[in-house]
Structures are given as C-alpha cells and as structure tokens.
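In this document, chain identifiers A, B, C, D, E and F correspond to the written order of the chains, with residue numbering beginning at 1 in each.
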Amino acid sequence: MTQATRTLLTVITEAALETVLIREIERLGANGYTITDARGKGGRGVRHAGWEANGNIRIEVVCNAATAEAISAYLQAHYYDNYAMILFTHDIAVLRPEKF
Amino acid sequence: MSMLDPIILFFLLGLISGLLRAELRLPAAIYEFVSILLLLAIGLKGGVELAKQPLTNLLPDMLAVIVMGVALALLAFPVLRLLGRFSRADAAAIAAHYGSVSVGTYAVAVAYLGSRQIAFEEHMPLLLVLLEVPAILVGIVLARGISRQTRWGDVAHEVFLGKSIVLLVGGLLIGWAAGPEGLIGIKPLFFDLFKGMLALFLLEMGLITATQVGSLRQYGLFIVVFGVAMPLLSSVIGTGLALALGLSIGGTAMLATLAASASYIAVPAVMRISVPEANPTLSLTASLGVTFPFNVIFGIPLYYAMAEWAHATWGGLTP
Amino acid sequence: MSMLDPIILFFLLGLISGLLRAELRLPAAIYEFVSILLLLAIGLKGGVELAKQPLTNLLPDMLAVIVMGVALALLAFPVLRLLGRFSRADAAAIAAHYGSVSVGTYAVAVAYLGSRQIAFEEHMPLLLVLLEVPAILVGIVLARGISRQTRWGDVAHEVFLGKSIVLLVGGLLIGWAAGPEGLIGIKPLFFDLFKGMLALFLLEMGLITATQVGSLRQYGLFIVVFGVAMPLLSSVIGTGLALALGLSIGGTAMLATLAASASYIAVPAVMRISVPEANPTLSLTASLGVTFPFNVIFGIPLYYAMAEWAHATWGGLTP
Amino acid sequence: MSMLDPIILFFLLGLISGLLRAELRLPAAIYEFVSILLLLAIGLKGGVELAKQPLTNLLPDMLAVIVMGVALALLAFPVLRLLGRFSRADAAAIAAHYGSVSVGTYAVAVAYLGSRQIAFEEHMPLLLVLLEVPAILVGIVLARGISRQTRWGDVAHEVFLGKSIVLLVGGLLIGWAAGPEGLIGIKPLFFDLFKGMLALFLLEMGLITATQVGSLRQYGLFIVVFGVAMPLLSSVIGTGLALALGLSIGGTAMLATLAASASYIAVPAVMRISVPEANPTLSLTASLGVTFPFNVIFGIPLYYAMAEWAHATWGGLTP
Amino acid sequence: MTQATRTLLTVITEAALETVLIREIERLGANGYTITDARGKGGRGVRHAGWEANGNIRIEVVCNAATAEAISAYLQAHYYDNYAMILFTHDIAVLRPEKF
Amino acid sequence: MTQATRTLLTVITEAALETVLIREIERLGANGYTITDARGKGGRGVRHAGWEANGNIRIEVVCNAATAEAISAYLQAHYYDNYAMILFTHDIAVLRPEKF
C-alpha cells in the first residue's frame, strides 16, 4: 500500500454555523468533510446541546497542508471574534492522496 | 380553577429539576418533535379559521401588528442602549427579541384561555406569524445601518425560511386549503395531543431556563428588571392596540401576550448569523431566563385581567 | 372532497421547504419513530382481519402477488438494460425496487380510500408483506446469476430480518393473536394517530424527495420517464390481476397501487449489501425522486379511477 | 381473555427480533421519550388519587413498604454471597436491584389488571416511589459499611435526583395539585396513549433483553435460578404484607409484583457511581435478562392468582 | 506512566456497512472499536443522515501498526470501489499497550 | 499564522461518568472539553448505546502536555479498574496557544 501524508483539520463550533461553514470550506478547496454533533465547554461557556441554539458540531476535513492553512486562516479571521470555535490540525496517513 | 394550570406545573417541575441538577433531560430529537407538532398545530388551527373570512377583512389587524412589532423593537433599543449601556449590536439584538414573539408563550396563552373557555379571534396565528418578522429586520438595521454590506438575500433566507415561520405558515396554508373536515383525520395527533405536548415542551423549557441562571447572575440586575418591565410595558401597548382594533376580551389578552412575549427561537438563530458580534447569551438570558417564565407564570393571568378591565372601562369606545 | 388530502399537502410542504433550502428537518429518531408506528399499525390492522378467515382462502391471492412481484421485476430489467443502457447491476437493482413495494405509498392509499369510505379487502397488508420479498431475490439473481459465491444465508437474513418486514409481520401476528378486543388498549396510539403520523412521515418524505433533485438533473430524462411510465404500466397489470382475483373496487385500487409503488426502504438496504456495485443513487432517484411523488399526488387517484372504470367494464366477468 | 395481552406480544416480538439479530432498534431518543411518558403518567394517575384522602391514612402502608424494601435487599444479600459466591460488592449491588422495583414491570401489571377491570388501591404509585429508594441505601451500606469515605451527599443526589424518581414524584405532585379536572387537557397524551406507549417500551425491552443472552450464558445457571426464585419468594412476602395491610385483591397482586420486580434503571445508575467495583453486567443480566421477562410473562398472572387464593383463604383475618 | 505508541485507524463510511465492517475488523485482529454517527460529503456526494440509507458512521480502531495495515488493505480491496468510504491513520500514545 | 503544539487527549468511556469526569477534568486544569455520543466494544464487552446504561461518550480535551499527563494519570488511577475506559493522546497544532 502506498501511503501519503495529508492534514486532518478539526473545527469545533456552534451548530448554527453548519450551512455557512461547509460552503466556505468547500470554496477554500476541500474535497469533502465529515460532521458529528457534539457538546462541550470552552471560553464562551457551556454548550449543552439540549436545544437548537446550544449545540456544537465537530467538522473534520482531510486535505493538503496548504488548504488546511487557508481554511484555518479564513476561519480565524472571520469567526474567532464572534463565535464559539476552536480549530486544530495534525498529520495523517491516507491511501489515496489524489482524493484529498 | 386554580391559578396553576398543570402545564405551568410541568414548567416548574423542569425548572426545579434543572436547578437541583437532576438527571433529567428531554432528548434534543424529542424537543424538536414536540415543537414541530406545536408549530404545525397552531398554524393548522389558524388556517381553518382563515378560510371562513376574506383576507381583506383582516388587513387592518395585519398592518397594525406589523407596526407594533417595529415599534416595540424601536422602543426597547434606546432603553437598552442608554439605561443598560449595552453595545449597539447587543442592544439591537435584544430589541429584536422583544419586538418579535414567542410561540411557546402564545401556546400557553391558548391553553390558559382554552381551559377558561374564553374565545378569541381565530386569526391570531396569522398575527403571530406576522409579528415574528418585522422586529428582526429592525434589529439588523439598528445594528448595521442600512449598509450595502448586509447580504439582504441571505438575511431574508434566514428570516423567512427558519423552522418556525415555515411550519406556522405551512400549517396555516394546509389548514386553509383542507378546511375543518379535511383535518378530521389528523386531529388526534395535532389537536387532541396539543396540551400534553405543550406540557412536555414546558418541562423542557423549565430545564433550559434553569441553565440560564448562571448567566443571570453574571449579567445582573438590569437584565432582570428589563426582562420584567419590558413585557409589562409591551402588554399595555398590545392591550391598547387591541382595543383600537376592536378585538374581543380574549383577543385583547392574546395580543397583549404576543406583545409581551420575547422570541427565543427564530430571532436568536437569525441574529447569530446576521449580527454575530452581539452576545447571544445576553438576549437569551433576558428572553428565556426572565421574560418567558415571568409571562408564563404571572404575565398571562395579568394580561387577561388587564383585558377584562380595559374592556369594562373603554370597551364601548371602539366599533 | 378536494383532490388534495391534507397529508398530500404535508408532502408538498416538505418538498417545497426542501427545494427552498428552509431550515427544516425532522430528526432521524423521529423519522424512525413515525415509520415504526406506521409499519406496526398496518400490520396490526391486517392481522386483526386475518383472524376472521382461514388462511387457505387467501392462498390464491398470496401466490398471485408473489408471481406479480417476480414478473414486474423481470419486466423492468430488459427495459432498463436496453432502453436505459444501464449496467447489469444497476438494471437489476432498479428492477428489484420496482417489483417490490413502498409502504409509504400503501399508507397514503389507505388514507385516500379511508377518507372516501371505500372498503378494500382487509388482507392487503399480508399481500404488501409478500410483495416486498420476491423482487429482491429476482434482482440479486439478475445481477449475479445463481452463483455459488452469493452467500444466500446472508441475503436471506438481510431480506427477511429487515426493519419493515419484521415490523409488518410482527404486527400481523400480534393483531392476529390478540384480535380486535385485544387491541382496544393500544388503538389510540396505533390507529387514532395513524393519519397524523402519516402526515409527519410525508412531510419528511417531501424533504427527502427534495434532496433527490440534484441527482435527477444528473441522471436525466430516462429516469424521469421510466419513473412515471413503469408505475403506470405496473398499475395496469395490478388492476388486471385484481380483476382476475375478483377483488372489490377498493381492493383493485390497492393492488394497482402496490404494483405501481417502488421500494425505497427494504430494497435499497438489501441491494447495498448484496449487489454493492449497483449505484444506489440511481435507484433512489427513480423510486424516491420520481415514482413516490408521482404515485402520491397523481397515481393513487388515477388507479382508483381505473379500478372504478375496470369494474364498470369487466366487473361481471369474474366470480 | 387470552393469557397473552398484546403488550406481552410486543415484548416477545422484540425478544425474538433481537435473538434473530433483525435490523430493528428503537432510537435511544424514542426509548427516552416513551419512558418519560410512562413515568409521568404513572405519577400523575397516582397524584390525582392521593388528593382524595389525607396522607396520614397512608402512613402505615408507606412505612411498611419501606421496611419491605430493606428486608428484601437484606434477604438477597446472604443468598448471593453464600450460595452465589459473589464478591461483597457484587452481592450488595444485586441485592439492591431486587429490593428496589421496576417501573416497567409495574406498568405491565397496571395494564394486566386494567384489561381485567380489577381495581387496586390508587396510592400504589406512591408505594412504587417509596420502594425505589431504601434498597439502594442498603446496597451501598452492605458494600461499603457505613464508611466515612462514602460521600453521602453525592449518593443522595444520585438517588433522589435520578430520572425515574424525579418524574414519578413530579407526576405525583402535579396530579395532586391539578386534580382530575386539571388533567383533562393532558389526558389524551398521558393516559389514552399509555398502553400503546407501553407496547413500544416492551418492544424495546425485548430487544434489550435479547442482548443479555450472551452474558447469561457466561454467568450461568446460578443467575437464572436466582432470577426466578428470588421474585417468587419476594412475591410471597409482598402478598403476606398486603394481607396484613388489608389491601384488596388487586392491591395484593400489585404489591406482590412490586416486591418481585427488580430495578434496571434507577439502581444500576446509582450503583455504577457509588459501588463502581460491582460488575454491572451481573446485576443487569439477572434483573433484565431473567427477572423482567419472567415477571412480565409468567410472574404477574401468577401473583394475581396467588392474591386471589390468599384472599379466599385468609382474606377475612385482617381488618 | 509508561506510554507506548499505537495506531489510530479512522474509517468514515456508510452506516449500512456497520454490522459487516465490525465483524471484519475484529476478524482482522482489532480488540475493540468505537463508532459515532456522522454526516458528510465526499466523492460519492452528500450524505445528510436525514434517513436510514443516507447516514455515515465514523469507526475508530486503536491497534498496532500491522493490524492497522491489514485492516486498511482489506477495506481498500473490498469496499473502496463500491462504497462511500475514506480511511486514515496516525500514531497515538496509549497507557496500556498490551490492550491494543 | 503562528502555530503552537498542544496535546489532544481523547477518553472513551461509559456515558454514566459524564458529569463526574468533566468535573475532574476541569479541576485538573483543562480549559474546555468536547463530548460526542458513541458506542463500541472493548475489554468490557459490547456497549450498544441502545439505552441509558449502555452508551459511551468520547471526550476530547485540548491542553498542554503536563495537563494531559495529569488527567491521564488521574483517570488511570481512579477509573481503569472499574469502568469501561480507554484513553489516548497525540500532538496537534493550534492557533491560539494561550487558550489551551
């Protein structure tokens, strides 16, 4: 098996942003994304997910380093000030590098 | 008939369980289910009645409540800005919440009047829908100005295609098209279970309200005072407007309740996207942590008493 | 009675909301809940009736519909292969969908006849269950041949232990064992709420159908034509069979509807595992994006009209 | 009236589907929804009745069942320790399950007596609530001793603020405060749908029971024997106590069922936190895998027969 | 604390495969797995999770490098052609190496 | 963009522990956490998440290495013996190191 290295970018943020964010993420070059529902706590307080306005989502994007960098920069510039959001990246090994 | 309808007791059960940190929560899917049923039921009930009269008869009432929604938001804004010393965005967002309406509060008022067998104008659900929207637009303009930057297309999408508007309007149209006989088959789910579903909804609302207590402590006295005084003031305006429009006692109490209620579903969702720099915790703490429980427990009986009194005093003056 | 039952309006509400990308979705858990209730209710209702007559009386009808399921799949396959130029796997999978049945369509037909107070043979749910299965097996054989590689044990597990078969058969057996009086206690949930739950189900089906529009554009005209022409053809076959079996007008309309309907729950699940190289989007676009809405809105009234006409014309010919 | 109520058939449907590994599961949110409705309904029904008589009349019964709960746990412990050779923690945890009660079993008994129109003392839900708690405390003391280390505050929180106690007690209080007329509006959801919701609950319980079969095989014969013998013994004790308290035949059958039932919601949750070294699989296998199905299918009719026999034989002895 | 390195294998695929895949994964040597429900988009289009046929799952397996390799190879050979599926791996530190 | 390295600690355990664990995790120095619902299988058997007593949760904590170490050690000491639980860590890149 040939393996290649790509970046996994994980964004944890308010569920209300889902529609907007996936549009931006695709525009910035991602070929796909995976979303799971989550709850949590951070600088902007507890988010219980008990009802619509209060849930988090966890978005994962497998992409190359440049795209990860572009998405990170964009989200930091446009969302960090006003939204509950954290973002982190790390390297992963994938089988079909052409796909990401 | 005691003051405390069982549905209010469900609210208190949720509130107390939440405050005591009991192991109790309604799954989010069930909360969704219950609120979808309530929204559709309110719409359907209104739609059936709309079919009975030409829409043009209702135009004065419709225009009047739109103006009221705008006026209430414009009234709240300077108070929040000057007395509350909130930032422009925060004041605008809170004002939008209070100019708009809460469907949950409306449903409690329906149950309150229903269990006392007091009739009210059946086009109230239409007024409810109309009241949801204008204050949102006022809020955005107050926060942004009529700026070119605002993507009004996106805003309109958020406003008119949010869950509550779609289900209320959808219910209205279906009820209107199907008529009373058409709805017989779906009556058991949407109408017979209404009050029970409302009880579950209020149980969850109690639990959610309890989670607001922390932020209440944080943001302090002004939020509490505003969250009680604003609905009182709005209810007087609503009562006055109802008299001017010649509504019945029940209708007057309903319009006062609509005026007094503050949104916690439609408006927060739109503001989060359209005025992101407004702190959502502030407006939710006020509308959900203070005004909702106040209206549900004390407000509605009060607005009804006010409607009775107003009709006794001025009732003859309008056509 | 207008052509548009409110439940159809719920479907349209979902469809339009979906096309407008409104912020509306039924949580997956609620969709599950509603479909579990519908499947059990259909089974229970059928089971109660089965108890009233010896099963042997029904054998001819049972055998006939099994043959019909096989025949419809065998009929669709060459059309898809030759006219549609689909791969063998794709043609086989789509053929299996159209030879099988859609429980949602069946439920709409039940509501349609119910609100017109037209009786139909009460063993229809049994025929519904029987029709689910044979086309699936035909589809697998068409795709694979009767190959040794096919793990028939696994296939049988998938086919007979899927959600819809288990709940329909379970409901049939419980209704049969408990009888009409036994079911009185559970009637409010399963029977009184049936139409309301069906309305919610169709709201969600509308939303789901709207998501198919993209693939509809992609796969183009043939899917649309096939998705309308195939149910029309099948309904004629179903009507003919019903006449031959001596069913009532209501029963004829039901059998035509069953023939015309295409599966979108049981068959896709089995095909995904048993014929993985078939593209699931193709068959779902056809059955869910074209045939389901066509049947629900236009098909059922049409099949009923055809049943009336057929009975008027040939009704006296069979015993 | 056949022995098999349809709700039992739903349990069997779930059990068999689970054993056959059918593609069937009730979403967790729906399981929650159904159990919330059942708990509230049981509480509400009891609360309405409590309002009719001074609570002091009930004190003897209340004290008696508390003692019974303690006694049953203390009885089970040495058996488990000596005959079952379980560790101290495991024996204590299982004993707590059997001293406490199962609300699901109670609901099935309500339905059983209801469909035979046999009355029982209406304060049973109060006894149900009271029986949940004492055995839990006994279990913790048996496992830990009255150690200073045990954080009794946390334990009390776990015990008294768990879902089932909060909903049962909340329902009791709401029913008590609202009275029969107050509940009319919410009757369709909580009372009319009760048996249908119970059917769904039992369907899911059957599926869950089926998942216990693996562990049953693992832990072997003793669990099976204990899971059948213990409820039989407890039911005799419950029957005796009911006679001593002068309960009706229906009430005797109910108290025997409560005694015989073993918790699988409240107690496991508390034990997991308070006695973590106890293996939760052991107690759940016994209470859920053996005792629950035994009681639901065989136990309840048996306890009712025993109540009839006991009343015929000794019924005149007590006031 | 003694730490050891293991591999975390993440598979994102169609929910319909759950039963089959966990059987295969265990057969290929994994001692456990964790599954969360997800939705997403990739080469095979949008998967909204609105209803049964349309949901994704996210399977995580902690195992040694050889097992991760074996599972990857098997899934690539048997599922990549016909199913919506992506798969990636990276190293993690675990406390009880004997467990994985 | 300035990136810094932090540790992502992932704990998979019984849902019943949620309230207790987030209290401990915050006490041990974490500034936030994210939770998703999960199901799975491990040494303590299958956990289907079909009903309350049987679900798992997946807790993620972004923190510095010392905090991750402290939480790991504490959980290992207090929960490994009696609860279904696994725990692993790896490095990630974050944008606002002061936040974690």
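Just so we're on the same page, contacts are C-beta pairs under 8 Å (C-beta built on N, C-alpha and C of every residue); 3 or more make two chains touch, one makes a residue touch a chain.
A quick map from chain label to UniProt name: A, E, F = Nitrogen regulatory protein P-II family; B, C, D = Sodium-dependent bicarbonate transport family permease.
Note that the structure is a prediction, hence the values are computed from the model and not measured.
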Return the chains common to the contact lists of subunit A and subunit F.
-> E
Counting C-beta pairs in contact for C-E and for C-D, the higher total belongs to C-D
From the C-alpha centre of subunit B to that of subunit C, how far is it in Å?
-> 42
CA centroid of subunit A to CA centroid of subunit B, Å = 35
Contacts with two or more other chains occur in subunit B at residues 26-30, 32-33, 163, 188, 193, 269
Within subunit F, the set of residues that touch 2 or more other chains is 36-37, 90
Please list, in label order, each pair of chains that touches.
-> A-B, A-E, A-F, B-C, B-D, C-D, C-E, D-F, E-F
Residue set of subunit E touching subunit A in the complex reads 10, 12, 36-43, 56, 58, 69, 72-73, 76, 80, 86-90
Which residues of subunit C touch subunit D in their complex?
-> 27-30, 32-33, 36, 157-158, 161-163, 166-167, 170, 173-174, 177-178, 182-183, 185-190, 193, 269
Considering the complex alone, what residue numbers of subunit B touch subunit D?
-> 2, 4-7, 9-10, 13, 17, 20-24, 26-30, 33, 111, 114-115, 188, 192-193, 195-197, 199-200
Within the complex, subunit A is touched by subunit F residues 1, 6, 8, 22, 26, 31-37, 62, 90-96, 99
Subunit F - residues contacting subunit D, complex | 14, 16-17, 20, 45-46, 48-53, 55, 79, 81-83
